[in-house]
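Here it is: the structure, laid out below.
First chain written, first letter: the chains are A, B, C and D, and each begins at residue 1.
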């Protein structure tokens, strides 16, 4: 089984051309940018990467491009590919491809049209995918706000425990700290519980989180690196202050229309990712200048990731 | 533009073998069974058909099989294929295939992972698919209980009106009669508003519905045919009584675990469709006998569809 | 037991002075206005009447004032008083007072802070109030959108049937027509199922509704009287058209900020009811002129209720 | 203005006799029990105390009894009385009474029938109550899971800041740590942000919480006292373990039917509080023995509060 991940994993945006096609050339720069800023892995084709809005071919291409970068790297970052969706058979197809191209792990999500009504039904779905790639670690991606499936993870973990040897853990994008702590403690802490809410990373650290996956690690790594360092060395007041700065930054997403604002942050730090694909609403034409003013006003330029 | 559909369209189940593969041979019998019982069309790859749980290849195969039956028929029923999903580009791919194999119309659904926040965003998504098949009528499939997208259809219809010539109307699977009536009256009743809630068809008829799409039309057509006839000839008391019998029948779906019970009704009327695919929970082993007793106890055998 | 109510019951607004105190003098005029326009009853202290925002003393005063009008009337309209809330003991107190002052019936609502989790728990709560006034008919007021309690009424009716002799029926303010029809048919139609959604009265009539309670019956009785007449004489096209006009009128509530707009409609028809009480947002100062233009533009002046 | 509260406040149950009447005699013992176990205050008539299910008279009596105990005590615990409800005028009445009997502070809750749609509307409601008792500190009790009002507290705090001198802070019973941290940091930490979720107290401590209000502080104070001590002295691993034990204990509430189980815990620690009042479902007859076995099996007897 894979070792637990320590550190922060970015969920990359999918760089696109003006015509909406994927900009594969950008991925080489993106990989190097993340690594240079201290990111330890990439969670591909997730919510930030608009996986569900891509075709299966595009999802495969994206995985191939990232894998190609890792192959060139003597000390590569960890690559996890989200293969989940509403059809477990399509997921198996993508899982096999992930294995082929050399992903380190895959992730499965709760089917979000027909929603499983129990942990057992959800576990059955996850195991069908996992069984197709027994040598690949499988994470479950828990994000009820988007899937509408709010089954406590402690129930899923119990339902999978002892039945799915390649179950690695959970990318936990939810606010149920009671559930999260229970998973951390389950079976002597056997499962890798990656925290998925950047805006309350500090609370997760207090509970024992050691790894995280998020979208703002794409562009504000220095902030989070310092937050973790300060927490570890006992400077909790500074850690809280940094978390507050993270929150102030994240509030700008809401102000400028939500998830579509993420690529504006990337442009701000020098990595052009183009626009989002429908149904995600792109940032309004002309709003970028006002956005930049707001970001500058945060006064935290040294906390953003640096491109060359 | 296609004429409005008058009468009832079944949303077929996808017949499956024991091993979970699609049972394509069954489709010929299924087609004839529906037509013989008075169904005027089939809505393929919808919720009842588990479209989202199938692979794209399976969805295409299903469409091909139904199209093959229609081609053999001198007076074929109308075929509408749901091509929607979370990726408009996959939808375009399926839409082009639908056109190729001779579907009469396609349907698009609200993307159900990233949920459009306004009628305009939703309209943009729908138009991207529609523009790829300008000669094919396009229905919007409105089912908020599964998609989580509860934008009033009168707003979507207004947003598409005058901008999407092949927009045909809505399969309306929701209980907002205020919204539904507004759509029926919009633009002199130009759009085809297919009612999608079998359990309150009578209320929809009173408001002016002339067509419907549903899953219980797969197996209880005599009930609904009589309900419509009685309503039309003014015997409202009998129509209400039939609607009540439809409700009593539909309540058994809930009692036996939901959507998974539908294929048990098919088996009851002589059309073997196998099991559902994960994540839909199949009817519990052994529950079928108890189910049959409950159906018999409804005392409505003459109201179920008849196989040879 | 009381006979079933046939016809339309208004849920009166609570007239208030500029300083927010109840304007009791206005109630005499209000009573006569409703009756003159064909209303058959008044549902007091309900949502429209802001019952939950009043003190218990005010609720009692309101009941007393309406009772005083009815007493002066040789052929009085039916008065139903909502005594419900979160404390069944306060409800008993108000129920006893209702009996004392001569209400024709009372109504109880689901407790909306601690929400009953089953029909049995809800029935227990209702019966505690009902048992205190065994000679007074008791309606259950079903309005899940405000209470958050969405237990099907057929389950509540079954739980009360045979156990609560003074249970009269339900004021049904919800869109579950399947549930509503089942209640209409239960026990040979023994219970009085008053329809509570003015915007789809026509659908309810088709299912068999004979009585209704609503807020727009305060000011647009001619519209609904004609709608019912047209439906009864078979002119369904005209009935649908009138329902559409009702919907267009109701949409103005949304446009001008919701429930707070109701008193603007009253002012429009000549009955001054003052403002709403916090937390209901009153119509914005200055919006009334624009509102009047919009109402005039509906072109339905003859369908509004008439004051002297 | 009152100083910030440091330490844990219990939200007492309302002791009842077999016949459902309030057991006032029990309150003296209850007061002493809480204080002896290290509780620094009592939050009266809250959710745990079933305030909304009591009559206004009972709420006043309850406040009087607790005040009487405090008066006898040379170093009394802090008493906060929830006066909120759906009618701000009833709340004013209760607020004035609270002042009269010597409460240290009052609390107001979002009106939960008509739900304010903005922070401004909610602030207006709160200020109306606060203005009636300008010398009494006023807390806002934020509990969206019961009120259905999920306005971020940072917006409410901003709306009240500078306009309501006696606004003291928030009893924060919700999981939005991003919002909570923002409130802690607002205006140099001027407002008292009492944490209201016992099951994740540790995360709140990490963010800077210094006071908390909860129901399990009624019976498991040694657990939380040790958790806080361990956290403060840097033994985070032990603190996490204690939080896990708190969670395991709290899970028993769910297993035995929810809030109604709370009084069983009180009986377990020797304080008889009787049953809950409808609509809260009491623990099933006979379930208590099984409950005791489950509590014993937690193996944490030394972490429960001690009665004489």
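What we mean here is this: a residue touches a chain if its C-beta (ideal position, glycine included) is under 8 Å from a C-beta of that chain, and two chains touch if they have at least 3 such contacts.
What you see is a predicted model, and the numbers here were worked out from it, not measured in a lab.
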Practice problem: State, to the nearest whole Å, the distance from the C-alpha centre of subunit A to the C-alpha centre of subunit B. | Solution: 36
Quiz item: In whole angstrom, what separates the CA-based centres of subunit A and subunit C?
Solution: 50
Quiz item: Which parts of subunit B, given as residue numbers and ranges, touch two or more other chains?
Solution: none
Quiz item: Taking chains as nodes and touches as edges, what kind of graph is this: line, ring, star, complete or other?
Solution: ring
Quiz prompt | Pairs of chains satisfying the touch condition | solution = A-B, A-D, B-C, C-D
Quiz prompt | Interfacial residue positions of subunit C with respect to subunit D in the complex | solution = 47, 50, 52-56, 58, 85-90, 93, 111-118, 121-122, 124-125, 128, 146-148, 258-259, 277-281
Exercise. Going by the contact rule at the top, pick out the subunit C residues touching subunit B in the complex.
Key: 175-178, 181-182, 184-185, 199-200, 202-208, 234, 236, 240-241, 243-244, 247, 250
